[in-house]
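In this document, chain identifiers A, B and C correspond to the written order of the chains, with residue numbering beginning at 1 in each.
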Amino acid sequence: MPLTKSVDVPPAVRDAIARLQMEYVHAIDALELERWPQLFTEKCLYQIIPRADHEQGRLIGIWFCDNRGMLEDRVSSMREVNVFEPHVYRHVIGPTEILGQKDGAWSAQTSYIVVRTMLEGEMTLFSAGRYVDEIVIEGGAARFSKRVVVPDSWRFDTLVVIPI
Amino acid sequence: MPLTKSVDVPPAVRDAIARLQMEYVHAIDALELERWPQLFTEKCLYQIIPRADHEQGRLIGIWFCDNRGMLEDRVSSMREVNVFEPHVYRHVIGPTEILGQKDGAWSAQTSYIVVRTMLEGEMTLFSAGRYVDEIVIEGGAARFSKRVVVPDSWRFDTLVVIPI
Amino acid sequence: MPLTKSVDVPPAVRDAIARLQMEYVHAIDALELERWPQLFTEKCLYQIIPRADHEQGRLIGIWFCDNRGMLEDRVSSMREVNVFEPHVYRHVIGPTEILGQKDGAWSAQTSYIVVRTMLEGEMTLFSAGRYVDEIVIEGGAARFSKRVVVPDSWRFDTLVVIPI
């Protein structure tokens, strides 16, 4: 089995992708959720698909949004209804592996661990997994045309209210 | 809501800040605590303020040191009194977001997760949160003029003996 | 105590080492274990030595392999016997500190946290610690001539079946 070939990525693209990854987790962890849809292209795909399903090609998951408007709707409902017990996330992400470019989009993957903290202070290891992304560069900035969140575990002890 | 503007940071500054972040966690995790105060400027601020307090502007926290001598005193007491049950930390940090420059100092934030391991081998998810920093470059090296540790949780099951 | 001196590392070497660190964790986490031995030189050392033992210079640990063939044998037995309860890892690693160069090899250390997820979905904080590496550059690619995994805890609730 050959090693993955090192992909030739322009430094500006690499920097823009690194920045996108960082902005994504900082927006969510700071609960600045209105910034979250802006990190996607207008036509986009956001899904959460547990690892076992993803490996079997069962691409139906917990969340499914296929345009930025749906992401914005999600945020609006969170803000308006606000029925969930208040909690915050903390993501720590590893380095992003850029796998190649196809039809103007860069394929990439990034590992993550998310700790969830409830208002009462209780911390839980909430999710660990991998982001599988397609990323385009628009006007010098990177945006997700596709982000599939692939948690290693298929179990969540509660609803996933805030995007991972 | 506009996206955060990408800040223009000289590569040498970016490298020095990345190195500072790394040296900080490696010094603490290796229990080479005498190296820890040296990562701050002579006049400095080190605080641990739980997230809820930080967001409400209640800037009183668990630790408060406003010069390097106080940091050194902290380390000395740890070394001399040594009453605490031996334990070590392991930090994993995410990428640092550099937010801007003001009065010669760079503002930055970095997410962290800390795992604590007791001498007996028991591991705990000890803290998850964010470093909110002001960093100056002195003679080519970066130093904290201010580091506020903002844990997502306000609860610690024991005293915070070792700096986070 | 002086601060660690910043080591002058050619950017291409730094990039190759960062890529090696990333490929290592992605190969293991994706269970593409056949890729794992290929990240080592033919003559190499792979060990897992708990922190307390490592600090005391007791260099006998849980795993010991001193050439790539032994690593390949390990992978073969995992694949053939397959008696262990299926599980996967998720590593998140921090930045790599490159400490110096000696006899053609770069010394480096990197912190890690590993979350283990069982087939049934149960997640555990499995290990936290540090990689202590010697890395050589061969034909533009970085390879481990030595990787010592130093978990902060000496306790594992089960056998370590998959390399950390």
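Criterion: a residue touches a chain if its C-beta (ideal position, glycine included) is under 8 Å from a C-beta of that chain, and two chains touch if they have at least 3 such contacts.
Just so we're clear, the structure is a prediction, and the values are computed from it rather than from any experiment.
Chain A maps onto chain B through a rotation of 120°, based on Cα atoms and reported in steps of 5.
By the residue-number overlap criterion, the interface of chain A with chain C counts as different, with under half of its numbers used by both chains. Mean C-alpha positions place chain A and chain C at a centre distance of 26 Å. Looking at chain A, residues 92-93, 113, 125 sit in touch with two or more other chains. Chain A meets chain B in the complex at residues 18-19, 21-23, 25-26, 29, 32, 34-35, 38-39, 88, 90-93, 113, 115, 117, 119-123, 125, 141. Those residues of chain A that touch chain C in the complex are listed here as 1, 3-4, 6, 51-52, 92-95, 97, 109, 111-113, 125, 128-130, 152-155.
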